[in-house]
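For reference, chains read A, B, C and D in written order, and residue numbers begin at 1 within each chain.
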Amino acid sequence: MAGNPIAVIVGVGPGTGAAIARRFATAYPVALLARSPENFEGLVTEINQSGGKALGVSTDVSSETSVKAAFEKIQQEFGKVPIAAAIFNASARPQRKPLLELTVDEFQAGFDVSSKGAFIFSQAVLPGLIEQAERQDAKYPPTLIFTGATASVKANALMSGFTSPKHALRALSLSIAREFAPKGVHVAHAILDGVIDIPLTREWLKDQPAEAKIAPDDIAETYWNLHQQSRRCFTNEIDIRPMLEKW
Amino acid sequence: MAGNPIAVIVGVGPGTGAAIARRFATAYPVALLARSPENFEGLVTEINQSGGKALGVSTDVSSETSVKAAFEKIQQEFGKVPIAAAIFNASARPQRKPLLELTVDEFQAGFDVSSKGAFIFSQAVLPGLIEQAERQDAKYPPTLIFTGATASVKANALMSGFTSPKHALRALSLSIAREFAPKGVHVAHAILDGVIDIPLTREWLKDQPAEAKIAPDDIAETYWNLHQQSRRCFTNEIDIRPMLEKW
Amino acid sequence: MAGNPIAVIVGVGPGTGAAIARRFATAYPVALLARSPENFEGLVTEINQSGGKALGVSTDVSSETSVKAAFEKIQQEFGKVPIAAAIFNASARPQRKPLLELTVDEFQAGFDVSSKGAFIFSQAVLPGLIEQAERQDAKYPPTLIFTGATASVKANALMSGFTSPKHALRALSLSIAREFAPKGVHVAHAILDGVIDIPLTREWLKDQPAEAKIAPDDIAETYWNLHQQSRRCFTNEIDIRPMLEKW
Amino acid sequence: MAGNPIAVIVGVGPGTGAAIARRFATAYPVALLARSPENFEGLVTEINQSGGKALGVSTDVSSETSVKAAFEKIQQEFGKVPIAAAIFNASARPQRKPLLELTVDEFQAGFDVSSKGAFIFSQAVLPGLIEQAERQDAKYPPTLIFTGATASVKANALMSGFTSPKHALRALSLSIAREFAPKGVHVAHAILDGVIDIPLTREWLKDQPAEAKIAPDDIAETYWNLHQQSRRCFTNEIDIRPMLEKW
């Protein structure tokens, strides 16, 4: 492999994913993956017009075929380049529902993204991350970050369809972290424990100050700081809350 | 519903599941579910000949259709009876494998049992457990126990295909525990942290004393003790190790 | 050492400690330790009159001198006998207080019991427990149980003076468990996550059904079941909640 | 209060504490506390000569009197100023020892620093941190960081005298984090899970590459990044390992 390393972000929507994409685009060409093109089109334009370089690829992360096709497009665009950072930010929506009212498909939906999707994405990016780890001129250790949630460590009632896949994702992240750290790949799991301030949550906590929600730009900055950590200081798990969170 | 309550055990093989079945069969008629009839046939005969009552049903716990068919057979045999205890003891085999060598199907295999299977089983037994909880004459609160493993709480390298589903199972158990405790159903997750002394592991730790492995009969006794706990003393998580375990 | 093994319980008051004492007194002569004699006098009489054998010793568990004196009295009474079970049930009272209003002495008070006291008690009982572990005729593996609380695993605001010592106690218990399991001593930490139904809490949750509080007798039964576990099935941590607990 | 805010670091030795001091001294005047003056004298000179401003104060953090005297000296030097960052980096040395060979004093020694000392230090700095939180011109939310270790979350055998106080410290940190976040103070607990590359450990892991130890400068950078987090993105717990750590 040769050429400048890229960053790959999956789960790019109008909130956290976009903020992460903007942050990493200041340092690397970025490939932005999301199911629906409308989730990345404006952002791709924005980054490309502001001096960065972005490619959007419509991808179903739970489909190995779709992910393989996406990485072929990435290679066509950027060449066979190493990967400096890969961010798994995809997620099914949380849904509160009594266990006996869930269908099997509803229960399983979260796993398509958080277990199968995270696994397929990891397999797709790890060779490029390892390649970057072996390069003498890599500025920072290549980094693979998984976005988690409160449900990653707390299994509340009525949340089985969300908390089970999130626990699975956390385990995947920690297992990969242990396997690939000796190869120089830095893997981290971030527990976002609170409401993130994105369009979807605009109506939530409206009577509260801004400090009741997590700011996507600040998540992005924290992810960037994780990426900057040296081989002698890897963080594998971190939690994030807004100042006013009850926990 | 009327009639004597039963116990239902899924994941009945020649080891832990059989021991649990024998223990609960001293108090209840038992329905024993396993994929392969050879896993329960001898046991069913043994229990029926020694004064208990057992029904074996060949079941693929990851298939809603198969589980529904199994519970129809159970109802034909025992009538529409409440459930005093339900034990989820099914599991995929642990497999050590580098992440990049796993296929998507191999990674997902554990989820069929530990997430989808556990969910389908829970939905199948909870109505009968709730029914038992509402009966004045229930001797003990109805109990739903999930068998976990070291991998339920520790995500080791090379174990992603085992530890991810086990974390998911643990989350499911804790979420169900929180939802159904107020209805009187006692849900517990058991972390079996060590090698269990079953035919499959006969050759393992051969140079070690017997106390290096967990005894299936003793697991069964502990599960029985969990079942006996009152409504004013529910254990929702317990760990189990042999005396010589390093942890 | 010779003679019948005894059980030693520290932190015997009108609630959990008394229930544990009664349960273990059905199998062993019991030594009951508490700071104030009024906490054990009635209970000692009750056990001795109902066919058991009990000795009460006024003890300050945070004082090595006091604990040594107590074990001398125990030896005078029962002889130099092994210890089948030792229960550490002592605790400072939880106190909600803003951090900046706590005095150093108030903050430290809990440590006198939960760290220093638990350590002194452990050192006092472990030789007798090991002795019992080495006896061929021991019915059950000797057991050392520590009573913990919600605060053992959750560090809430305003609770620093309670949660810090309880976390310390849990660590002590788990460290001792790992060190002494290979010697045959079974060590367990119980997380009592809820209000216990004792005289002190009589006015709490008065509008709730009985199932909102943990029953001391049922804790005692669970501790007894832990004691009965075999060397091939040690539980090192268990949680306990009433059916109606929110967690 | 008026004037420029300062940073206060306790537990300044030739390793992590010094690195943290250097990092925070690039932004703030620093007060450096350690028991022995030789631990900070060279560092104070170095910082003052390189354009920063540092004051060293010989302090026994486990003594309220000593800490009060230290903060009076700090006020004499810097005026009654707010505190932008406070780092608790003090620790007793880990010691492997069988439980039955520890004296009560040895067992308690770690608590003097990690429970009593951390509590006294927290009470000393929190008013100044709150003052800073209320200032309109504060660049970053004031931050209180506690240095933890593997033993903060894992209670190994033979380590009771180290792991118990470290668990206590973690609980104190998390409790303070919950209480003071709504006031704008950012509290974080760092789990340093590995050998830190300091003079004390020079002979350890000598046959291993540099990536087998955590680099103090990189810890300092991570602490600085925690300090920079906004009110809408507080990290309360983070782990840190070298690339080659087994965990």
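In the analysis below, a contact is a pair of C-beta atoms (placed from the backbone, for glycine too) under 8 Å apart; a residue touches a chain by one contact, two chains touch by 3 or more.
Quantities reported herein were computed from a predicted structural model and do not represent experimental measurements.
Asker: By CA centroid distance, what chain is farthest from chain D?
Answerer: It is B whose centre lies farthest from that of chain D.
Asker: How many angstrom lie between the centres of chain A and chain C, each centre taken as the mean Cα position?
Answerer: Here chain A and chain C have centroids separated by 46 Å.
Asker: Hey, how far is the Cα centre of chain A from the one of chain B, in Å?
Answerer: Centre-to-centre distance between chain A and chain B: 34 Å.
Asker: Residues of chain A that touch two or more other chains: which are they?
Answerer: 178
Asker: Touch graph of the chains shown: is it line, ring, star, complete or other?
Answerer: Graph shape, chains as nodes and touching pairs as edges: a ring.
Asker: Looking at the whole structure, which two-chain pairs count as touching?
Answerer: A-B, A-D, B-C, C-D
Asker: Under the stated contact criterion, what part of chain B meets chain A in this complex?
Answerer: 64, 98-100, 102, 104, 107-108, 111, 115-116, 119-120, 122-123, 126-127, 151, 155-160, 163-176, 178-180
Asker: Name, in rising order, each residue of chain B that touches chain C in their complex.
Answerer: Those in contact with chain C are residues 141, 178, 181-182, 184, 186, 197, 210-211, 213-215, 218-219, 221-222, 225, 228-245, 247.
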